[in-house]
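Here come two complexes built around chain A, the first alongside chain B, the second alongside chain C.
And then the complex of A and B:
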């Protein structure tokens, strides 16, 4: 393997951080869109709190991406769904409360596991930003685990089924190109394949062995390694996450 | 507060009781957890961040 040049490394880091930031943008919108489905006042507070934190992660990552040559306003104001790089896992809206919790758990843990690869990044501001994101994500996952406990105690099987159905799309997000440039250059602590294995083990562990398996692998038709997703963000989702035109009023 | 290592050592700011119930994992701001004291019934917010990270794949020599 040849030593990657600086431009290729910069592009690889930019792509991965943008995939993380865009996925968090969509996840934050999941929280705000689903807040009225909360089962209690603490659910409302939690969903709004997690939305605030997750929008904050997106903003912080976009601001960091300016260091890598991105235009902040350009990132916020992208006008086409094809320009976004969010994970396929979040394309399909939740079917019910169990599916919502399962998907949020998978997304939070996937984003954290992916981001944790940069905890030892040589650019210390990035490593520090990732650590702060992790501290906040810890409590988002704790919220999901609280609901997981309730589902387990009440014998709710729908949650496990939803988790198993969504897991392949979550695993696909970690898909690496043949050469993991960032890991080879010491900018990612572990290979993506290792992060993916760790992620899968953690998810299955959360089910306490109750999983029926991963389900069939996610389709990779149209997979774009730069955007870390297959196909284009659905138009309906884009209409939710995009910043609205000045003067627009939502009804 | 017993039973949850994340909240070990939390005490009621009014009566110092450790007999607490967590009301909400997210309090009046994102950084807080809301508790109710089982002794004096005070409801209070507690700043929760203690640097704990979610499950993280092990890397030798990672800076702590």
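And then the complex of A and C:
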């Protein structure tokens, strides 16, 4: 097997980290938009805390991407929905509380599973950033587990249905190109296919072994491997996530 | 009468419980009571406590169900006496 050149590796890493950062940007906006659907005052505080942490992950990743040739202001000020690389899973807004928790769980777990592949990255600042993201994602996943327990105890079927309906889009996000360059070069600890299997197993385990969501990844027309998504972010979502005051970009 | 450590049901959720929150900022600090939190289960209590009491970057935080506390002295009393 030939060793991939430095430019190709840099581009692959940039694409993966930008897909992660943009997905976190959208997820943070999910949290802020849905905060008033929290079940109580402490729930609002938890949702706002998770929003803040997720915005922080986004900005930290954007700043790291400067090392890979990205322009920070350019990332913040993108003016077209086509410029964003967020996961398709988060395109469609939540339909109810169960769908919200199911989607947030799938997104948080997918992002952490994906990011954890860089825990052993040879660039220690990146590995450290990923570890910090993992420490904060721990609480986000625990929040989802708390609600999953309630749905299980109360026999809430809407949650399982929402999880099963959203899972194929979540699995599609892991889709790798023919060769996982980053893994081959020692920059990703495990192949994406292995991370995807681990992700699927954990989600199905959370469903109590139910096979309802055990389908193949979604077949998405127009899949763009560089942006790790199909098509363009919906305009309505773009209006929510776009930077409202371009003059307010701070470093 | 409902015990004080049992809260009301949350919107769309089960009844909540109260938890006491303890934390320390450094290894040298004692684990001190920082407040209480209401939640439907242990997982949500941990997350809510973490985000509500985020005034310091805690090195350690614990939550304890208020119902687990055993009072050694009665509240406001100088000492217990054996009831006959």
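The rule is simple: the second predicted complex is superposed on the first by the 237 of 251 C-alpha atoms of A that agree within 3 Å, B and C clash if a C-alpha of one lies under 4 Å from a C-alpha of the other, contacts with A are read in each partner's own complex, and residues count from 1 in each chain.
Rule of thumb we're sticking to: a residue touches a chain if its C-beta (ideal position, glycine included) is under 8 Å from a C-beta of that chain, and two chains touch if they have at least 3 such contacts.
Computed from a predicted structure; not experimentally measured.
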Return fit or clash for chain B versus chain C, each positioned on chain A through the superposition. clash
Name the contact category of A:176: first (chain B only), second (chain C only), both, or neither. neither
Between chain B (first) and chain C (second), which does A:63 come into contact with in this model arrangement: first, second, both, or neither? neither
Per the contact definition in the header, classify A:97: touching chain B only (first), chain C only (second), both, or neither. second
Contact-wise, after the overlay, does A:149 reach chain B, chain C, both or neither (first, second, both, neither)? second
Per the contact definition in the header, classify A:195: touching chain B only (first), chain C only (second), both, or neither. first
When the two structures are laid over each other on chain A, which of chain B and chain C touches more residues of chain A? B
Just checking: does A:42 make contact with chain B only, chain C only, both, or neither of them? Give me first, second, both or neither. both
On the A-aligned overlay, A:50 touches which partner chain: chain B = first, chain C = second, or both, or neither? both
Go through the superposed model and pick first if A:139 touches only chain B, second if only chain C, both, or neither. both
Common interface residues of chain A - those touching chain B in one complex and chain C in the other: 42, 45-46, 48-50, 139, 142-143, 146
Touching chain C in the complex: which residues of chain A? 39-40, 42-43, 45-46, 48-50, 97, 139, 142-143, 145-147, 149-150, 153-154
Chain B contact footprint on chain A (complex, rising order): 41-42, 45-46, 48-50, 52-53, 108-109, 112-113, 116-117, 119-120, 127, 131, 134-139, 141-143, 146, 189-190, 194-195, 198, 202
Quick one: in the complex, what on chain C touches chain A? 10-14, 16, 37-44, 46-48, 50-52, 54
Can you check the complex and tell me which residues of chain B touch chain A? 6, 23-27, 29-30, 34, 48-49, 51-57, 59, 61-63
